[in-house]
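Letters A, B, C and D mark the chains as written, and numbering starts fresh at 1 in each.
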Amino acid sequence: MTAVVTDPAEAGAPLAAEAARFASFGWMRGTSGNLSVVTDRDPLRLAVTASGLDKSELTPADVVFVDGDGAPVDGGNPSAEAALHARVVRLTGAGAVVHVHTVASVAMARRHPQGIVLRDLEMLKGLGLPDHEQEVLLPVIANSQDMGVLGDRLEAAREPRVPAVVVAGHGLYVWGRDPRRARHHTEVVEWLLELELTV
Amino acid sequence: MTAVVTDPAEAGAPLAAEAARFASFGWMRGTSGNLSVVTDRDPLRLAVTASGLDKSELTPADVVFVDGDGAPVDGGNPSAEAALHARVVRLTGAGAVVHVHTVASVAMARRHPQGIVLRDLEMLKGLGLPDHEQEVLLPVIANSQDMGVLGDRLEAAREPRVPAVVVAGHGLYVWGRDPRRARHHTEVVEWLLELELTV
Amino acid sequence: MTAVVTDPAEAGAPLAAEAARFASFGWMRGTSGNLSVVTDRDPLRLAVTASGLDKSELTPADVVFVDGDGAPVDGGNPSAEAALHARVVRLTGAGAVVHVHTVASVAMARRHPQGIVLRDLEMLKGLGLPDHEQEVLLPVIANSQDMGVLGDRLEAAREPRVPAVVVAGHGLYVWGRDPRRARHHTEVVEWLLELELTV
Amino acid sequence: MTAVVTDPAEAGAPLAAEAARFASFGWMRGTSGNLSVVTDRDPLRLAVTASGLDKSELTPADVVFVDGDGAPVDGGNPSAEAALHARVVRLTGAGAVVHVHTVASVAMARRHPQGIVLRDLEMLKGLGLPDHEQEVLLPVIANSQDMGVLGDRLEAAREPRVPAVVVAGHGLYVWGRDPRRARHHTEVVEWLLELELTV
């Protein structure tokens, strides 16, 4: 996955716009969730949405810059989850990461704590799977307050063909080459989860 | 909970904005629900949304000021429920109270009239619960047309760690330090109820 | 129910606004449903939304005037259902009638073709029921393409305390003193149906 | 079905508007789905939305022109599905085709792979069925990556009275005389599917 690097000065505006979109879907209730975009690869730098704010009301300034471990580089107080964003980027080469709290993801993880089988669904192409891939496992991992533990679980469980992992009792991590691609992957994963919940 | 006191002249605008937001979620159908914010602590004064109006169409003037018993202080005709808002404030020290009629809260209260257990859910942190709290009871109380009775039930049933109570056959009362915090608590409680209804 | 009479020249704008609102809720899919308001009582005249148009896109001119039998008074081609609007007005004294196609109403009518019992729900007050009324029947009538037959069924089945009837396989008729009151009654009835469908 | 032919220079704007509307309903998540309108009948020409773009963000320029086999006529890179749009037009005489990915259509197709019976529903009139038609089959066909195979299945399965086919594991194809009529048919079919899924 080739990463798109974003000018730090321009990182906040698209993150605020993406957050407002996801909030309008009800996927970032309260102050939940966070989004990130890679601004540099060497050394690794990410812009991450500031924590504790309403995701429907972010401004372009509501962003914190972190390094490859999720530690702040210009001050600021990033969410602990910034470390998981950075790890997803190191692991996958993604350029943007979306973390949202959707009802469907937590409901499906409770029903299928070992992972969610997705089969014979055209929508899988929206995750980049080729036409002939007819079955794939969307991994589910147990939640943890320790980002190192959570990252180890994500690394161990992830399915290389699928740019997403469900965290049980928590929500979704989804990634893509850039914020728009990460948005599309998020929308597709959520659609698939809502379908399987309905059937 | 430290209370934020709001200038009375500026109390109506945020209440109208919050009401329009909740109405857009379908949580204030008809003319249901009401919102309040503390404008003074000594003596206690609250601004409460005027009753009988469409909550998607309130103006900053559509507000009534009440005392610590919910009685009007400058004329006006507050909802009887203003007394319950005032009592929640006295009981909890909250600076803002949200009362909305959501389908999920009434449906879950019918299934669980003794209270709703919430367990192992990251979203609980959005109510201010610490990381290590893994289980909590969202209280459900029986409805009453007598605000004194309803307040006694709320006082007896409330869980100090949870800024919310479900009223069976009726809806949600949720509170927070200020209107935005009360909004976030409301969104989180409703998300949790929608999840448990889905699973 | 005291009727509010609307200036004919000003009847189209509120009907278009109400229709756009209901369409945004998904209650007027395709070109379904129609709204009306009384513009004169003696002789009876109603403004009814024009048929065959997208209810999210009506203009104030998209209105037809009909008499107490639903026949056009200034030309135009009203929906056959205009006759039922007029009959509801004659029967109830309402000043505005809402007819929408909601999924919840048709689903509930299929489950409960003899009528839907609503009990111990605060939201019933939003229909004008006094506090002490704890149970009421929302009537369900069989559908017909003959507006006379449908009107007879509505007249025979209607519950005087409830400003609404569900037509099986079809949708909701709801009324009120004016368009805003009819809107509130519609929102309340739909909320009650969504609740009972969920529980 | 008499076809409305659209000026090619003006084909993109309504397609972008229709796509934004369907995207707002959640029916075009990710970059899924595509819309088309006939711009010429002899030889057959269609404007089809460009593939790989977010359907909530199309501009009037995001359109590709194809011939009766779905091959591009002015360059551009149409979706393979353009061939199915063209075939629907040849088969039905429609002037506009909608292809959306709705959860309800895929869920209902999984429950009813042999087709979905719709009975005694007023909403069927929104598909153009006369009053006395009380039962109809909404066809479901198996999915395929080969547009020729998919088109053969659609041709073999389609019900002439119904301007829609569900593709299992995939989504909806719906058509009409012009984009607005195709929209209304799509809304009606989706409403019917959501109803049957709910009951």
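Quick notes on this structure:
The rule is simple: a contact is a pair of C-beta atoms (placed from the backbone, for glycine too) under 8 Å apart; a residue touches a chain by one contact, two chains touch by 3 or more.
In UniProt terms, the chains line up like this: A, B, C, D = Methylthioribulose-1-phosphate dehydratase.
Every value quoted in this text rests on a predicted model; they were computed, and no experiment measured them.
At the interface between subunit A and subunit D, two copies of one sequence, fewer than half of the residue numbers in use are shared by both copies. Chain centre most remote from that of subunit D: B (centre = mean of CA atoms).
If each chain is reduced to the centroid of its CA atoms, subunit A and subunit C end up 45 Å from each other.
Centre to centre, using the average C-alpha position, subunit C and subunit D are separated by 32 Å. Among the residues of subunit A, none is in touch with two or more other chains. With chains as nodes and touching pairs as edges, the resulting graph is a single ring in which every chain has exactly two contacts. Against subunit A, in their complex, subunit D makes its touches with residues 26, 29-32, 54, 101, 103-104, 106-107, 110-111, 143, 145, 167, 169-171, 197.
Per the touch definition, subunit A reaches subunit D in the complex via residues 25, 120-123, 126, 131, 180, 183-185, 187-188, 190-191, 194-195, 198-199.
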